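The data blocks that follow each hold one structure.
Shared between the two complexes below is chain A, which has chain B as its partner in the first and chain C in the second.
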Partner chain A sequence: MKSLIPTTLAGKVGVAGSFICVVLAVIGPWVAPYDPEKPTVDVLQAPGFAHPFGTDASGLDIFSVVIAAFRTDLSIALLGVGASFVLGLVLGSISGFSAAGGRIWGVLARIVDAALDVFQSIPVTVFALALAAIFGRGTGAVITAVIFVTTPVFARLIRSSLNSVVRGGLVASCRILGLGTMRTLTRHALPNSVDSAVANISVSLGVSVLLTAALSFLGAGVRPPTPEWGYVISMGANYVATGQWWISLMPGLVLCLSVVAFALTGEAVREWLAGAGLTAAAASEEAALSTGQTERTP
Partner chain B sequence: MVRFLLRRLSLLPVQLFGLLVLVFLLTRLIPGDPAYALAGGQATAEQVERIRQSMGLDQPLWVQFWRYVTGVLQGDWGTSLQTNSPVVHDLVQRAPATLLLMFFSLLMIILLVLLLVGWLLWRPHGLAHKVVNGYGFLAGVVPDFWVGLSLVSLLYVQLGIGASPSGQLDARLTVTPVTNVGLIDAAIAVDPSAVANAVSHLVLPCITLIFVYLAPVVRIMSAVTEKVNGSDFARFADSWGISPWRRIRYILRFTSPTMVTTLASTTVFLVGGAVLVETVFSWGGVGQYAVAAVTRSDYVGVQGFVLIAGLFTAMVYLANDLLHAAIDPQLRKA
Partner chain C sequence: MTEFHSPRSEDLSRPVLKIEDLRLTASQGTRELVKGVSLSVAPGRVLGLVGESGSGKSLTGLSCLGMLPQGIERSGGEVLVAGQPILDLAPSEQRRLRGSVVSMVLQDPLSGFHPMLTVGKQIFHSLQDHGVEKESARARVLEVLGQARLPEPEKVSNQFPHQLSGGMRQRAMIALALANRPSLLIADEPTTALDPTVQAGVLRLLRQLADDGLGVLFVTHNLGVVAGLCDEVSVMEHGLIVESGDVAQVLENPQHPYSIELLNASPRLSSPHILRPPLNGARTNEPPAISVEGASQRYGSRGIFGGGAVVNALSDISFEIPRGSTTSIVGESGSGKSTLTRLLVGLEKPTAGRVTVAGHDMATLNPASEREFRLKVQLVFQDASRSLDPRYTAEELLLEALCVADQKASQSAVLQLCDRVHLPRTILGQRTTHLSGGQRQRVAIARALARNPEILVADEPVSALDVTNQQRIMGLFRELVEDNSLTLIMVSHDLALVRDMTDTVITMYKGRLMEATPAEEFYRRPRNPYSQALLDAMPDPSRIGELPTVTVPALPGRVG
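After this line comes the complex of A and B, so read on.
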């Protein structure tokens, strides 16, 4: 078993940052110095000792809102990306494993491919806006938008690794051993193909946080007074031109830092998987060289 | 070439049909009674009934779709709830402003990506590599609207560069609206100070779009050129002792199909970027219109925006494929 601690400095920073994000998502609302939904008497105060990130026009302590918002943004991200991963696994399997299946499977794969192409060619923001318009603003619409935006990436990653696994001869060898299509897929092909998708989870969490903030910024996302980064940024947008920069810029900075942490963690996971010799390319080579070994993988 | 053209063009009706189905379903998927939602919050029972009648919501779905499609083709995209005027009129009025923003940003993106990739080919291992990688990473983690606000705070408020984020011209300037694009109207009125003002309003939103949307182009192009740089044909060119200039030119020519595709998808994604950036800078284009439509439950307006964005996307990808055929002879023969 390879050590779970990343070897590079960037990886260490990323994993530590992601860990802090998760901790704040759990305890955030309790450790915030002020109530994130109740205004204080200090109005439009610049960052200082009493209010590290300043206060907004109604007197809300920005720091408290930002800390409490970790829970909102991260739970949307985890729910959305979790669902996307599962959905991507299913769609990617349909599309990438069609060579091993029958005629109906082939037709399904065509449909999935076409749908993935369509969804990837629509601008993300336009699509998410349309969704918010139909289903009304709120957490549900945001999660739906996250699922629609992040699923195609997972599906594509699974599809391309499955393709290389199939080409590597794994399916043929499983056939010879007398295994059915579904068993070959779920027990042998998929475990050898999920690595790149797993490394993408962390990146997608970052994408999800950016999308959630963008939608709330546009007034199409989370409903106030739920603490959310993009919403705070939109509240402060009108004050930036008059010099009260902290309302918008401080939450954005925290948002950026957490996205950086997720991106670096994704990189670290990729490296870890590559080091453990489990990349898609390696897996397909493995399958081509010794089918006995892939037979044993859980 | 003719066969390629015919095959590609025959794809267009299919795409447009798919788009129309999608956009049509948009208003039919509204939970509850679409007639109520489309009539707006304060509508009376008669108004709701009139909408139900005029849109044929009491008819079978395929009749409704037929009505919608014939309406769209005749230029009837419905009436916007927020402006009370035809959606087509609203969109035509606002589209030029958005296109201007996108055009200037795209122009600068093309120039900058050529410069950066050229620099990378000139000195592959030095500072260029670090700058390109660092920038590519940074631009991927920042939200575009936040970049816009930061630029306003840093450049406009602190350093006095650019103009306030309040539209395309200062409110004190009065220019007869011809195209509804501040810059072009000022030019038509032959008013140099208004032109200068319009340009200063264009600076910050364009920098925002360029900063965020140049990054993916640079990332892809640097990866592709790096590969070509180490390829046999580049080494062969080296052994002939050709000038570095010519070498860069050859490699750029070789990678131009990738460049065209990357720029095409960037153009499409700039539409999404425009939605956010227009909101930050009160630009008054179709993006801001769409956002206002969403927040005011103006479904017909949203529908119109998605349709126009979809049409634009289809046109950009068509242009992309035609350009590909022009660049790559292999594609023409296939």
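After this line comes the complex of A and C, so read on.
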């Protein structure tokens, strides 16, 4: 079995960062020095010994809020991306496996393709604002928005890998053998097609965190006083001009670092899956070797 | 014809390539892959380097260009190209030698060409890299394409690699390799992926180039090709040269046991093999296993706008195959034999005509009857690495195949199946990606045999394997035919390979059936001129110094 520790420095940093995020999401509210929902007597304090990230206009300790917000943001991300992955798996299978299925399957695939196109063409912020307007702001609306954004990506990744598996001969050989369509799909075609989608999970977590914050910033996200980065950033925005930069900057930095960590983890996962040698991708290094012209490749 | 290669100042007797005691090791010196190889190639001579896959012959070839793959290091010895130790030179010096002194042609020319530049442009670039003036480079592009015997050099020069046929592409590759007038050409299996008739043309071209003074190191596993093309031959086994000498001497009187084994494994057309008696075991009084009546298959757009290009992959094919017989379908790529296979196993439905296999009309195959049909008819794919799921172990794959017929298939059934195709039981726990090509193909065959099918269709079952493995797999097929009532249909482009186990030969050309003749008659004197051309083009280790001819007749009329 291949070692789970990433080989590249970027991969190591990313996995370590993601791990810290997850740990903080679990223990965050307990290790926070102050109650993230109860103001202290210190108002608009600059970062210092008592308040590492400073405090805001109402006296909330920013450090405690930021630490506690890991749980809010990450649980939204995990729920949303988890649901998207499953949904993407189903939709991607319908769309990508139609060539091996029957006529009804083909019709379903066309509907799914069209639906994905429509979904991807609606701007997500507008969609989320509309959701918040109709159903009221809250965690449910945010999760729905996350699912809305990330599902088409999973579906399309599954679809394109499935397509190449179907063309590759594996599916034909299953059919010749007399295996049923569903067994071929679930036991052979899908397991050989999920790699890129699995690697995309981590990237989507980052996307989700960013979206959650953006929606809070716009006032369509989770309901305060639930600790959330985007909300703190939007509150702090009013104070940047008057010199209280830390209110927005500190949560912004943490948000940024966690998104980067998730993105790097995604890359590390992709590399790990590719190196695990399960997909029969033969290295064609000889391809580059040719006559005297190898060096000139525009 | 202009001179291809202007011999440099050195005299002709001095070798252009001299390898002395070359040793290559992998993974930090733990495993020796090439264990002291010495050989030399003189100008105007062709040296064949023969061996199975994994013998180190390709590595030896690559080292002549100073292009060892990553992780492989030289642990000893010297490679002198035109007197220069190429492996010791700085990368910039190596680059200067590549193309102008030593050049290479690979098995797959597509991988050597840049897909988005025209052929002419790429040759032009390679000339410019070696400091040729713009004007003379342009002229040289057309000259060198002409010398590679490409018809209409101007047209080819403006085409992209994917627009050329396989043979044209390989000629273009040779033109590219020769653009800077090298004195040594390393050719690594340059004709293995080509049809016999096309291969014959490329071999002739290489021979002519050598006669003009080019030194060629020809890496191959095909002794038939060596017999026709090469002057000398070195046989390589496990990183060692076990025998070398004149082609005639080695092929007619091999000394080393491995050379003898290789030679025995090489299929040949000319030797007095015992042919199967006609229709041995076939039961002509029963309804035929397969009957094809006027089947056609065309691909193309029939959408609302129509008018798309229509390809007639098969036109009006009719034949019958009696139960228990062995039939070979032969033809070049593009002749429609793969399409025919897909029709026979029900992966496609014919656009016209009737195909009846094992009593099932292919046009009316529905999910219910398909299940029954699949138990009777099985297919072995050309490339087992693509048809077997890399995530499962051999045992799981075999068990899966057994379970289709019988849910309660047991461990002992797997072992039986394993023995039937002569797979060592020890490999059962391994994933197929860890198996050798021959073992993988055995797993694929075992899967096809799991339900005791009546009809087995094998699409080029051994073309991805080397000679010894080819012979072993063919031996297995022979056993299956002999002790079973199996109807075997073998699709192949290698006429020599299927020769002594086939009852009937069906020749295909451009989607048409040329002839369906009993094997004995076919190999003695085929009725169709195209079949004759196919037979003539087959390389044969006993035809020494005799290059196969290339006379493909214009689409002949149907006979038989």
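In this text, the second predicted complex is superposed on the first by the 277 of 298 C-alpha atoms of A that agree within 3 Å, B and C clash if a C-alpha of one lies under 4 Å from a C-alpha of the other, contacts with A are read in each partner's own complex, and residues count from 1 in each chain.
Simple rule for what comes next: a contact is a pair of C-beta atoms (placed from the backbone, for glycine too) under 8 Å apart; a residue touches a chain by one contact, two chains touch by 3 or more.
For clarity, every value in this text was computed on a predicted model and none was experimentally measured.
In the superposition on chain A, contact of A:Ala172 is made with chain C only, not with chain B. By the touch criterion defined above, A:Ala214 reaches chain B but does not reach chain C. Using the contact criterion defined above for the overlaid structures, shared-chain residue A:Ser248 touches chain B, although it does not reach chain C. Within the superposed three-chain model, A:Asp113 lies out of touch with both chain B and chain C [touch as defined at top].
More residues of chain A lie in contact with B than with the other chain of the pair chain B and chain C.
In the superposition on chain A, contact of A:Asp195 is made with neither chain B nor chain C. If you check the complex, the residues on chain A that touch chain B are 118, 121-126, 129-130, 132-137, 206, 210, 213-214, 217-220, 230, 233, 236-237, 240-243, 245, 248-249, 252, 255-256, 259-260, 263. Residues 18, 26-27, 29-31, 137, 140-146, 149-150, 152-153, 156-157, 164-166, 265, 268-269, 271-273, 275-276, 279-280, 290-291, 293-295, 297, 299, 302, 305-306, 309-310, 313, 317 of chain B are the ones touching chain A in the complex.
Those residues of chain A that touch chain C in the shared complex are 102, 168-170, 172-173, 175-179, 188, 191-192, 277-280, 284-287, 289-298. The part of chain C that touches chain A in the complex is made up of residues 62, 65, 67, 69-70, 95, 98-100, 103-106, 111-114, 117, 122, 125-126, 129-130, 173, 176-177, 179-180, 345, 347, 367, 370-371, 374-375, 378-379, 381, 383, 385-391, 400-401, 404, 433, 444, 447-448, 451.
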